[in-house]
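Just so it is clear, A, B and C label the chains in written order, and each chain counts residues from 1 on its own.
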Amino acid sequence: MTALVAKDIVAGYVPDLPILKSVSLTAETARVTVIIGPNGAGKSTLIKAIAGLVPVSSGTVSLHGQKITNPRPDRMGALGVAYVPQSDNIFRSLTIRQNLDLVLRNAGKEAAARRDALFAQFPALADKQAEKAGALSGGQRQFLAVAMALAINPSVILMDEPSAGLSPKAAQEVLEYTRALTENGVTILLVEQNVKQALRLADQCYILADGRNQVDGAAQDLLNDPVVGQIYLGGKRVAPA
Amino acid sequence: MIQNLVDGVLVGSILSLGAIGLTMAMHMLRFANFSHAELLSIGAYAALVFDGLFGAIHPALAEAIPPLSLTWSLSIAILISMALTGVSAVLIDRLVFKRVRAKGGELSMVFASFGVAMIIRNILGLIFGLSPKLYSQDIVFAIVVSRDPFLLIKPDQVFTLVAALLIMVILHVILSRTTFGYALRAVAENPSLAQVSGINLSRMIVLIWLIGGGLAAAAGVFYGLTNQINPVLGRDLVLPIFAATIVGGIGSIYGAVLGGFIVGLASNLALVILPSGYSPAVPFLIILAVLIVRPHGLFGEERT
Amino acid sequence: MIGVISYLVFFATVASILSIAVLGLNLQWGNTGLFNGGVVAFFGAGAYGTLILGGTPQAGQMGGFELPYLIALLGGMVISGIVAWVVGLLTLRLRHDYLAIATFGVAVAFETVMRNSDWLGGAQGIRGFERPLRDALGNGFSYNLAFLAFVLVVLIGIYLFLERLIASPFGRLLRAIREDETAARSLGKSPSRIRLTAFVAGSVIMGLAGGLYATFYAFISPQDVLPILTFQIWAMLIVGGAGNNKGAVMGTFLIWAAWTASGWALSRFAPMDVQLYTGSIQFVLIGLVIVGMLMWRPQGLFPEKLVVSQSAKDK
């Protein structure tokens, strides 16, 4: 089953200057689909275009078979799609608890129970719930961002480099947690710079460069593909074409 | 000196109320709104109209609440004026700022806000006349609190200060205890993350104008109650209110509150050494001082 | 007949002087995107500076240095420039609203200080200025005609100067900064330095206009530097079309004609009891002009020819 399909997306920040020139991708239900590519390839832009933060000028996005191209970003949660941005993904001036209450504010009576459930899942956050989120360490911040995404019980989570800037250990933890989410039927669309790590835990992989699809296939195959290995896994960053 | 301090706190509370709305709108819509102070005028005159109306409907309402000069009718009129001014602020945004926003850059909005200020100020002058008005013709004597140092306080001033502080406390509770308050702060910190967290930005903008307008109306009435109402009230207060937002840091609500008090106090204390004619220039000096010492204000964050 | 002509000379002189100020604003706003909320302060600094430097000594007043006229005029411009430099230095690296607020504040402070400082003329204003060459030209129509000629020469000079400036690499840089600050910075230029230069230059031109204005009336007082003048000058630029010098001059004549005509019509035809409100009505009108133009014709009546700067094209 496919959860999310993006087809021939053209999108950009200013009119007539497309950053995504034509990108297509499919995310299967309860699988991890990873997007990799050099800096400036348009990975974040693609995620933002799906989330409704960057206008799509042509192409379509569909969710569970329904077209949702250019959605209002504040309605994505109601559609069951959560988005964890690459940076600034928590409200630093609010406490941890307030961050969660904020995303839970339309959950009505259930809100308190769901918040407690999240705290049970992330005990480190529970311990610091009255502290300003800005005071959290990098790893805890990512977990808070993930917790905020989970708060709305999403069927799809868009994650933009959740491991960026974390220690290898924290990065591993976040990624493993992400993988584990699929066991509950959640679909993950993930952007990652830690290419090897990402390919190991992903099911499907898309490589973007210069706003276009370059290579795609099962993550296992790409991991073993010598050409891909040389270009993308050699530890070198490749400048966009 | 003590008198200046007390007066400064009073004026400060009024400026704070005005500055809260200004700082929120300035931060969200990213433009210096020179017409914000006109909302104080709108509020002051709206309350004047409704005060008269209620007083005419029922004479008992026109009675002052001792020891204040404030009447029952004016107390109700304040609430109505707050609502009406909030709605006016939303309407002005719809009619003018929203369209200019769609057409041009942020700076066009600043121009437009000057134009809006001119229009409102002078239309108020045309409707209500250029001469000052008072809510009450009754003379309420100031109470001599102390003779040495000499200190005079009017009951209305005490009421104004208490009411302004109460409004700020209510606002604080909303900001720190309700999810609506979290949403407001979230939008101020990071609008696009706020959106993906399910917050409807355009609805928030409407709410910010409503709140800002309501607070401005209260400030306008309090100013009228302790001074007088005239059409150039906005012109006289626009710079001090801007100074308050800059002192506090643009976007910081608590900064605006503190900034209001600082500007109020500084302006009144300056009168100890400066002839009173110079007082309109004091907010400018404060702005300069902040820009030199701490350009982003007490609580502001750097943004470009 | 001679009355009409002499009025036209008077009108053209004031409009030409204001055109110079509008050209200064155009350099700041139209070409560089700098918002000046206190045009009157820079205009006023030039006016006061010129009269104080070039005037005769008066009891209780500073100045009366009796400097040669052109030096006094230049001195007024320098004073404007210094005020602009200080304000610009403090605000130009911050968000643009700070410049708007600070310049607005300068104008308020300027008026307040002039009104309250007796040694600067106080509310009475500065007197005791002899118009240059009065002995040779007399005080009547011929003088005014000669002065108009002088103002026109200055206007044309400033116009040509600005046109060349805008066509120069510096002018392209200004537009590049206006359109895309990041791109300009990536060219290795320091946008705040360049902005400061443009801001000071524009203010000096406003100071020149102020100096000419004060010379024309041989008098300046706080009544001449009210905020309304800032609005009028903006309206002239916005109506003319920001970015375009020819439009700026045309906008000035148009708005100044509309302003004087509406004032005349109101004072002539409005009933007695409305007379008091003439100012208010005119202010509403000018507010409507500003808001209306921004809403419906932000490019002005005579818009800038679209010159897409190189940096914007390359992006």
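Following the convention adopted for this analysis, a contact is a pair of C-beta atoms (placed from the backbone, for glycine too) under 8 Å apart; a residue touches a chain by one contact, two chains touch by 3 or more.
Please read all numbers here as calculations on a predicted model, not as lab measurements.
Asker: Chains as vertices, touching pairs as edges: which of line, ring, star, complete or other describes this one?
Answerer: If you draw each chain as a dot and join those that touch, you get an open line.
Asker: Ranked by contacting C-beta pairs, which pair of chains comes out on top?
Answerer: B-C
Asker: Report the inter-chain centroid distance for chain A and chain C in whole angstrom, where each centroid is the mean of the CA atoms.
Answerer: 54
Asker: Could you please state the distance in Å, as a whole number, between where the Cα atoms of chain A are centred and where those of chain B are centred?
Answerer: About 43 Å, centre to centre.
Asker: Distance-wise, how many Å sit between the C-alpha centres of chain B and chain C, to the nearest whole number?
Answerer: Roughly 32 Å, centre to centre.
Asker: Which residues of chain A touch chain B in their complex?
Answerer: So the residues of chain A touching chain B come out as 51, 53, 72-78, 83, 85, 88-94, 98-99, 101-106, 148, 152.
Asker: Which residues, counting only chain B, touch chain C once they are in their complex?
Answerer: Per the touch definition, chain B meets chain C at residues 26, 30-32, 34, 96, 99-100, 103-104, 106-108, 110-112, 114-119, 121-123, 125-126, 130, 235, 238-239, 242-243, 246, 250, 275, 277-278, 280-281, 283-285, 287-288, 291-292, 295, 303-304.
Asker: Per the contact definition, I'd like the list of chain B residues that touch chain A in the complex.
Answerer: 179-180, 182-183, 185-186, 189-190, 192-201
Asker: Touching chain B in the complex: which residues of chain C?
Answerer: Residues in contact with chain B: 29, 33, 35, 37, 90-91, 94-98, 100-102, 104-106, 108-109, 112-113, 115-116, 227, 231, 234, 238, 276-277, 279-281, 283-284, 286-291, 294-295, 298.
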